[in-house]
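Mind looking over this structure? Questions follow.
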Amino acid sequence: MIELAVFGAGRIGQVHALNAAAHPSVRLKYIVDPVASEHRDHLAIQTHAVLCEPEVVFADPDVTGVIIASSTDTHAKLLLRAARAGKAVFCEKPVSLDFSTVVDVTSKVEKSGIACLLGFQRRYDPDFRLIRERIVSGQAGRLEHIVMHTRDPSPPPRVYVERSGGMFRDQAIHDFDMARYLLGEEIAIVYAAGNSLIDPEIKAAGDIDTAMITLTSVSGRFVQMINCRRAPFGYDQRLEALCSNEVLYVENRPQRGVMIADANGFHSSTPMSYFIERFADAYRAEMHAFVDMIDNGSKPLAGIRDGLEAQRLAEAAIVSMKTGSPVRISHDWHP
Amino acid sequence: MIELAVFGAGRIGQVHALNAAAHPSVRLKYIVDPVASEHRDHLAIQTHAVLCEPEVVFADPDVTGVIIASSTDTHAKLLLRAARAGKAVFCEKPVSLDFSTVVDVTSKVEKSGIACLLGFQRRYDPDFRLIRERIVSGQAGRLEHIVMHTRDPSPPPRVYVERSGGMFRDQAIHDFDMARYLLGEEIAIVYAAGNSLIDPEIKAAGDIDTAMITLTSVSGRFVQMINCRRAPFGYDQRLEALCSNEVLYVENRPQRGVMIADANGFHSSTPMSYFIERFADAYRAEMHAFVDMIDNGSKPLAGIRDGLEAQRLAEAAIVSMKTGSPVRISHDWHP
Amino acid sequence: MIELAVFGAGRIGQVHALNAAAHPSVRLKYIVDPVASEHRDHLAIQTHAVLCEPEVVFADPDVTGVIIASSTDTHAKLLLRAARAGKAVFCEKPVSLDFSTVVDVTSKVEKSGIACLLGFQRRYDPDFRLIRERIVSGQAGRLEHIVMHTRDPSPPPRVYVERSGGMFRDQAIHDFDMARYLLGEEIAIVYAAGNSLIDPEIKAAGDIDTAMITLTSVSGRFVQMINCRRAPFGYDQRLEALCSNEVLYVENRPQRGVMIADANGFHSSTPMSYFIERFADAYRAEMHAFVDMIDNGSKPLAGIRDGLEAQRLAEAAIVSMKTGSPVRISHDWHP
Amino acid sequence: MIELAVFGAGRIGQVHALNAAAHPSVRLKYIVDPVASEHRDHLAIQTHAVLCEPEVVFADPDVTGVIIASSTDTHAKLLLRAARAGKAVFCEKPVSLDFSTVVDVTSKVEKSGIACLLGFQRRYDPDFRLIRERIVSGQAGRLEHIVMHTRDPSPPPRVYVERSGGMFRDQAIHDFDMARYLLGEEIAIVYAAGNSLIDPEIKAAGDIDTAMITLTSVSGRFVQMINCRRAPFGYDQRLEALCSNEVLYVENRPQRGVMIADANGFHSSTPMSYFIERFADAYRAEMHAFVDMIDNGSKPLAGIRDGLEAQRLAEAAIVSMKTGSPVRISHDWHP
């Protein structure tokens, strides 16, 4: 039995805690969340885990891995403590909203030698995995360009927006990661055009809700991102990869398998409501990968450096949007 | 140039006249329709054809083929005159609503030696042809059962129903034909359950608007027909053939390639409005086949005997529905 | 906490045991399975349940409900014991393959006054529920006819077929149930045509693998069933309900949300592999309904009499197929 | 009867000549094509038109309109001659590959007062029209961004590429036009990234085969274009318009309404092969609009100035791609 602890009993913390507890070779020993709440206590009962202070976790030699799902501003500190304590980490992205902190923590975590899985869950989704296998195996032919749609069901509240680091660091970060993952190479040029067209609250918070981002890879291939804080029909999460033999599509997954036809036409269901539902399988697979990483030393699909590289693209996109010019990324320099 | 004449300037007569006139090796010489009407005269102008009496057509030695698209009660007589005059015939189904007349005319036409194409246009539709090729070539594997949906957009007016011969002879006849065509063998047992559930006018006319018909072939394979005089969304014309390797589907063809998504889901277009639109390609292909039959002696996909055999199934279905028992069809006897 | 016991640790027993154990207000106390096996023991560990003899369950006053998921031949006896012990029952269908036993047990269970939920899980599936709500609420208009497809991914092994009671009692029983459920009235006439077209082993076992079944309801509406022991693409489980305002479709649920396009066209995924996957949500909802029935006295969507009535249709279908004639069902007589 | 002449008997000339000849109130009097060919002569026979020199057309006072479907390098000269002769013009795009010529000819044609329809046929396609109506009527809500895919079935031959003016002027021009048409305002910023990833012949010709183009409108809304000279499955012509209430999609139109299912999944047909097939309805509607423009003075959906404005965007895209920087378009200056 592998003994684990979860930091954070919020929405994503609950997902990870329940997946950990349901894993046949895991004992979820601790839940750490400083804020008393009904859902925190209920989670402890459901998972038979003990509520405790962070010190208890890091001092317990039987705990071999920690899951960091607490608020973003705690990630860096917890990562460094885990590194010092020699515990494997499953960390939700981002490491920090401050890029220099990301660089610093990444460097220290890598030096510490601990194993670290970064929560780019989309890499674990069976649909995205199928696409990638088809590219990597050569079956699809040469990948030439990618088009990605990420649209949230509705704009987040202003208080969330203000702490989010902005749409590029908060939402588009998953697309930046997927771009690198599927291309298998780094990005050379980032052009981002963005605006606040939907929600005046987002504008007031100094953020945008709509963006078109064009990435050109080192070898000259393209990734086009369409990012938005709202789609009238709900969560829009799609990808299209044009290869020389095939075009590969990840489509939205409908909530219901029901079609209704009437005099106006054929009507089918909205997609799964948001990422927690859409990526439920991915989160389960991620937990299995984390356990396998601890147990067998397997490499995770996304590590801490992938977080750094995706965030580098988000930083470039922010600069591009502000200056109105494409940003060229040097790949000579590495932190 | 092949010279042709069309009998009937109604809806289907117009389709055939225009297709004949547009055929590069056809001269549409005559249109025959006893009822003066604007659309008749307009059709003559559009096609550069002459309006005339039937006698003129049958007496003109340059006319090698006639298209019978007049009202059903004239088909038998015109077929027999064409047979006597030695003209190739393209006849709309049915030969007659009276089965003994069908038997008699079929026999006489066959003896006359004239070539005859019967207007089961669905055999000429590219989608249905693709399905059949896939079965005949063996690629789909052994055909085991077929499910067919035929639903009209809305019930026909009572006056039409009263002269139609009833839903089995008028509408389901195309499905009976397709069943035989795809199976490549005859039907041994017909069970039909029908009722008037939709339109009180149809009930008043002594007809039905909904029927489930099960056909068992001589070798024990099945065809299930679902026939109806209305679908809320319009014309429903589908087929599904379960074979040992593949299931083959002919689907409805949407009117528009537009999808609209909103908070209620995804909305796509109604199908093409009715058979004239849905089978426009098939009618064109039928005319080409008719010309090729005259020109090169090629065999049409459907001949006059196919009309007789399909109608035999309609007659059996009527008996089955009235008696509540399946009807066994003897294939020893042939007219 | 409601304390429950599960009889049977096979495939469906595992589903129910895990759902019971995951239910927040249930303690799964006992698992009963006379056959020692690794999966039985593993299930006990996973669910923290105790393996025991039937006597222990029925003698334990804290156990308020039992889940009968053992082999079909044990259902009747366990139902009667539960009735005597006054325990609520969640019983997998069928009560017995012998119809007179079903009649007898149903009568005794009803007299005993225990609450009983019968495992027609499809009634609990969110897609089928949505269809039914749309009919019951009147939104879809008047239901006129239903077409159902049930095709297994591949023929079951001969040993299964021989003990199954035949395709009508084993597989089509769910469709008979859904027919009654959606129509909201009883069936008056059953016509069944069946044959063994796919698997010689099924023929050798005296069973069929393909059937077309037409049901006519007391008020003259229709249900068309298409049942088969194989579909080349996997599990085919669909329904189409034609109502006066809408046609309602339950469609297959694809395994993957991936589409691949190449020079041959667009290729999408096979459906979920079989009923355990397809109806995972329904099984969970069923367990919640069982708990709610015990806790709050709510009526289950399917009770023991629904099992009897569905089986009556299966018996009629068998007679119809053997005699070649439709069977009329009297609704004056009730066991 | 309106008397018309067609210049050019090539692929698109044939489409227009046949549509003109089939129009009930048109007499196609002349076809002008200096190159003798079988298809030119066959077109004359099919349409009952006379082959003649350009002089004959412009000197014939009965000819009220001319259709310019000859090679691109003849457009400007023919337009000016038509302007001098006072004939209405239906001109295929572009007016010229040289932008200053476009500016000059547009100015002269506008001063001449002749009516001019420019061949942006996509504006006449019923699917694109439906989308636009939904935006203009306000039903879809406020348009916020557009994503367009235009991918040819396969790269054109090098000789075509060399005379085409490049992918932006030749192919993407239709998307530039559609962007302006749907937005209902002008474009302020153009960013284009392009490369030759597919066909070395295109690279050798100095052109590109893949491009991502981002347009920012004067009011700050976005249009994202994905343009490519190949899609593995054939012609890819789609649009997606995100509005505040609805997302509107124009989808590809499949060639066949056939689906085939096997152990690998569900397989549907490739799209209509290329623009001639895909936009057949649009070309017919365009001819009707041309006739209506002559007959009733109605305004065409696209005029000569729309050609100039679309081409201005193509020119800006070329500069953007070459310099690697977005290009800002001034709307103060007008030719």
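Think of it as A, B, C and D in the order they're written, each chain with its own count starting at 1.
Going forward, a residue touches a chain if its C-beta (ideal position, glycine included) is under 8 Å from a C-beta of that chain, and two chains touch if they have at least 3 such contacts.
These numbers were taken from a predicted model, which means no experiment stands behind them.
Of all chains, the one whose Cα centroid sits at the greatest distance from that of chain C is D. More contacting C-beta pairs link the chains of B-C than the other of the two pairs B-C and A-B.
Centroids of chain B and chain C (each the mean of its C-alpha atoms) stand 42 Å apart.
Each chain gets a centre from the mean of its Cα atoms; for chain A and chain B, those two points are 58 Å apart.
In chain D, 231-233, 245-247, 261-262 are the positions where the chain touches two or more neighbouring chains simultaneously. Against chain B, in their complex, chain C makes its touches with residues 141, 144-145, 147, 149, 151, 189, 191, 193, 195, 197-198, 210, 212, 214, 216, 220-222, 224, 226, 228, 231-233, 242-247, 324-326.
Chain B contributes residues 24, 46, 126-127, 130-131, 134, 140, 245-253, 256-262 to its touches with chain D in the complex.
Across the complex, chain D is touched by residues 231-234, 261-270 of chain C.
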